[in-house]
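First chain A sits with chain B, and in the next complex the same chain sits with chain C.
This part shows the complex of A and B:
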């Protein structure tokens, strides 16, 4: 067991090094540069001397080894646009992305699994057919369209929920009020993501469950006189977990880029908004930092999934 | 064991929520019952910290800084310069110097009086630590010449001085900045002590929110709003309708819906110029006749009606806004006329093929047009012009390959002269006529992607240099008129139209926002002039 872990650890370390290198190089290949982007449409016009000075100040450093060395010391560089350490910016935005994306993933996966299991159990019935039809349709609707519809209905027409932001700015409220405000702002972007991801989870869980329901061990379970819910969840649904966990992990790994559209639409704070602004401005240290964070998340999720597979299905080790 | 594991599972989300709440608790300000708070929506949210060394070099960044720091003079709702920190001023041609009498009531946010020495120190500070907003190349030095009097000496006569420096350069407190060695690293609370109508209280980078509180002892009267809050919002229509914000930039199409909800809608029709960049260093664009043919081929009224849905006005070929006091109405005109465009091309030797498209010595005439979303007044504006221009030029026998790119990529290609035609734009056309120098000549524009960087006409170059030195208004008017005439003749870049830039605001707060003719400071077309919020 330890030797397996050791081997995998080495493989992950090498993969991390390779991907970190790519993550370091790629943003620098983006056409455009910080000075042109920031001053291009500005009301001020730079003189040739001023431009030369700025270009020298914002020239990208080109030494991967010192970059790597600094990373290990948690020095991820300083954002050119924000004039703030990249690590600080990422850590400030990360909780918001985790709250939104993590919450949406958990809800979409849990609800999708329960609905998928129940639909498969009622296979051939009207409810199952309607569920499969509507979910297939819903799966084709982009997150952006869902978000706009929710915004128009619940914010513009009904006026129940705020139009954007993570919370009311500088509101006078106690901790309870702050929590409520946080949840009210979270609801629309969260609902958008849950609605966007739920159909995929539902269809996957239903399809996997349909295959499982044909297995002989379920006949045994029924013959033992176990209650139906126990047969469904303790015996059958457990086998549906593996593909759902895989999907969960893959989706979670794309947390940063996945958040971009919804965070932008709802002006929700987080890594997606930060990345969007960093790319627009060609703020290379920040782009590199966020790409690095995404890479590390991807590797961590992959490693976590491998360990989880071992718990869910010991044959995979 | 199970229950312990279960409570651990519940614990993590709770810890996450609690951590976020603790981070945000400091944002809860004290309640200030009875005093109005003004909430302003911003599409981007982050414009840097509001001091001259930290705000981003775009109009919204300067506006943030202008709440905190005052200048010597300022523009009012007619665009005229009015007293700010200086009560009065005068120019002495013999000494090439401006003398300012300071307002004795003015004080810094920490209670220290603003003095003439602060002005002299500010000149010295920005000479040692230049920022793109304050270019003091034309200034020699400043001297305190009386208890409340300061004289600023110029190296040469400099006509844009009052608008470009007097009305743009923030005055800095000497007692704070004297000890600061590196201003770009100075972010202590003292870095935000100004003499403006609002104190800077907080900026939350992640949320994209700013908080300013009124400076009760402001020398021009107590501000009408107790607090200004900026917040990031990508849905201005919804945010305004729900009362989440009191002022927001809107698309012109939203105006009617918001007027019905009793919002006041303001539109600035001539402060920002959409233009066609032309690579005049490359044939056939280097031939003036070709550029004039383009002007005849492009029907700007049709462009406005179809691509802008009528929400724009044709621009002056002379570049300065038609609202500008130095605007020249007698300029060469280019009525839309594909036949005239064809005649000019044929004069250059082009011949039409069977389909009516031109070629020269067997090589078909194909030009590339770069288009991208552009940022106007801090807001990203979608581009619908490219396709329309492509069709219009096709009618004049010019084949166009449309290339849609991200703005940063387009900007870089323009900067490096790797383009034929490109759609671009800039503000400042209603501001000081120095904009002509910056948008025409490479000698004043560095590598600006909005500047035509055209120096092929020696008379134009000479006039541009002379108009900056013309301190007599009539003399400057004559020079600027001729510059516009030559620009319209040469067309180093083609002004297309002034798009309507609109905002909606809640009038019930008692604040009448306005677009400043000529723009705030160096020509920022954003209706957040601090005079809107000051006094009765």
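This part shows the complex of A and C:
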């Protein structure tokens, strides 16, 4: 077990180093002088002091190890547009993203698994066929299109839900009002992500469950006279978790892109929107900080998943 | 085998639907030189005018004909996807087959490299590159292909390893066939279905990524694309201008991704159900 841990750990550490190195090298690859290139446009006018400050900052990171050290000490530089440390900005946006992505992921997985298990149980039925058909189609629709359609229907035509943001500017003072406002803003982006992620989970859960249902241990469980829901969930569905976890790891990067697009679409105040604004303003330290943080988080989650995978299926160790 | 394949594909409703959609989109692309009546880059018209006989889908904020923009953007998106798919598949096939054939240290090194690349999320690397360098679509396609080959390489390698032990290949080797001959004559063609599956997956990924990145404004800003059109149309929609501008690119993008997805799903189902969901 330790050897697997080591091997995976080393791969992820190398990946992290490689990506941090890319982030370190990129500013230097810009044609011409960094500060002039970035501030050369008409959008920002620099005073001589500011220019000197910026030059000093980018001259300081001329050593990869000091750069790495700064990263580890949570000194991620300062955002040009916000005049605030990048790390502070990331930490402020992170809870929103976690709420949206975490909520969407939990819902999409739980619903997908239950629906998949139930569909497999009723295999051959009309409901199952309709489910598989519609979910296969839905699987081909990108988050961008789902989000735009939901926005058009529920926000503009029907006017039921806010078009964007995380909270109204003057949300009611009481906790109830605030919570309701939060949920109203969360609903559309959340629904978009759940609709985008649900079909894959459903199809995978169903396909794995169909295979599991043929196994002899389920015949035994049924022969023991266990109630059907117990056979389905305690005995059979456990085995569906494994492919779902694998899928989650494989799809994680796609999920981040999806969340990025959806956050931008609904102007949700998470990391995606922060990144979008940073890109529009060419606030490069912030872009770099967010992307690095996202990559490092993805690597950590993937490593965690691989370890979890080992727990779920001891044979892989 | 190929006749049989054709029969199986024809019997799968997803394949028929996906292929029909792909055919229609392909014809649209081929016919686009005749369908585009205005220069998509020329800012000749009254900005934000509604659809008319002159401008079928209206005019955008820059005074460009939206219909011309739509077809040009569609072509760009599709060509980017196909090019990236071919490049990534080529790399995957080359690495997968050669690793299975030569094994040893070569195999070990390349497979560890594959592990490494699989761990790094390509999208975020592309965002980082695009934010700093504003690279061309070709460079982004190259980077994407360089980061995306490991999935297909692994599948192809695994399949090639089992295939090598089959008796006809052992016999061919015993008879003194050269590596080049054995690889080219036996291994390469027999894995054909895997190439189709891998290609579909790569094209889907590339189109999806191009749409997301150009929506976020991270692709070459001068290059028309469906995602970019959505991103530009959206703020105007908030001002209640131009549903005619927002919906067409969304619909076209959806149809494109839908057809690729359906083709991919049916190919996987027919050739190797075990590969399901590995992308």
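Everything that follows uses one rule, which is that the second predicted complex is superposed on the first by the 251 of 317 C-alpha atoms of A that agree within 3 Å, B and C clash if a C-alpha of one lies under 4 Å from a C-alpha of the other, contacts with A are read in each partner's own complex, and residues count from 1 in each chain.
As a working rule, contacts are C-beta pairs under 8 Å (C-beta built on N, C-alpha and C of every residue); 3 or more make two chains touch, one makes a residue touch a chain.
Fair warning: this is a prediction, and the values are worked out from it, not measured in the lab.
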{"item": "Touched partner set for A:280, first chain B, second chain C, both or neither", "value": "both"}
{"item": "Partner chain in contact with A:298 - chain B first, chain C second, else both or neither", "value": "second"}
{"item": "Which superposed partner A:260 touches (first chain B, second chain C, both, neither)", "value": "second"}
{"item": "Touched partner set for A:221, first chain B, second chain C, both or neither", "value": "neither"}
{"item": "Partner chain in contact with A:120 - chain B first, chain C second, else both or neither", "value": "neither"}
{"item": "Partner chain(s) touched by A:245 [first = chain B, second = chain C, both, neither]", "value": "neither"}
{"item": "First (chain B), second (chain C), both or neither touched by A:186", "value": "neither"}
{"item": "Touching partner for A:163 - first (chain B), second (chain C), both, neither", "value": "both"}
{"item": "Set intersection of chain A contacts, chain C complex versus chain B complex", "value": "30, 152, 156, 163, 264-265, 280, 282"}
{"item": "Touching residues on chain B, where the partner in the complex is chain A", "value": "13, 16-17, 19-21, 23-25, 27-31, 39, 44-46, 48-49, 54, 56-59, 62, 130, 132-133, 135, 137, 184, 202, 204-209, 211, 227, 229-235, 237-239, 241-242, 244, 374-376, 406-409, 411-412, 415, 425-428, 438-439, 444-451, 519, 521-524"}
{"item": "Chain A to chain C touching residues, read off their complex", "value": "11-12, 14-15, 18-19, 22-23, 26-27, 29-30, 136-137, 139-142, 144-145, 148-149, 152, 156, 163, 200, 203-204, 207, 243, 247, 250, 252-254, 256-258, 260-261, 264-265, 275-276, 279-280, 282, 284, 287-288, 291, 294-295, 298-299, 302"}
{"item": "Contact footprint of chain A on chain C as seen in their complex", "value": "14, 112, 115-116, 119-125, 127-129, 131-133, 208-209, 211-212, 215-218, 227, 230, 234, 237-238, 240, 243, 246-247, 250-251, 253-254, 257-262, 265, 273, 276-279"}
{"item": "Partner chain B, residues of chain A touching it in the complex", "value": "30-33, 36-48, 50-51, 81-84, 89, 92-93, 95-96, 98-99, 103, 151-152, 155-156, 159, 162-173, 175, 178-179, 182, 264-267, 269-270, 273-274, 277, 280, 282"}
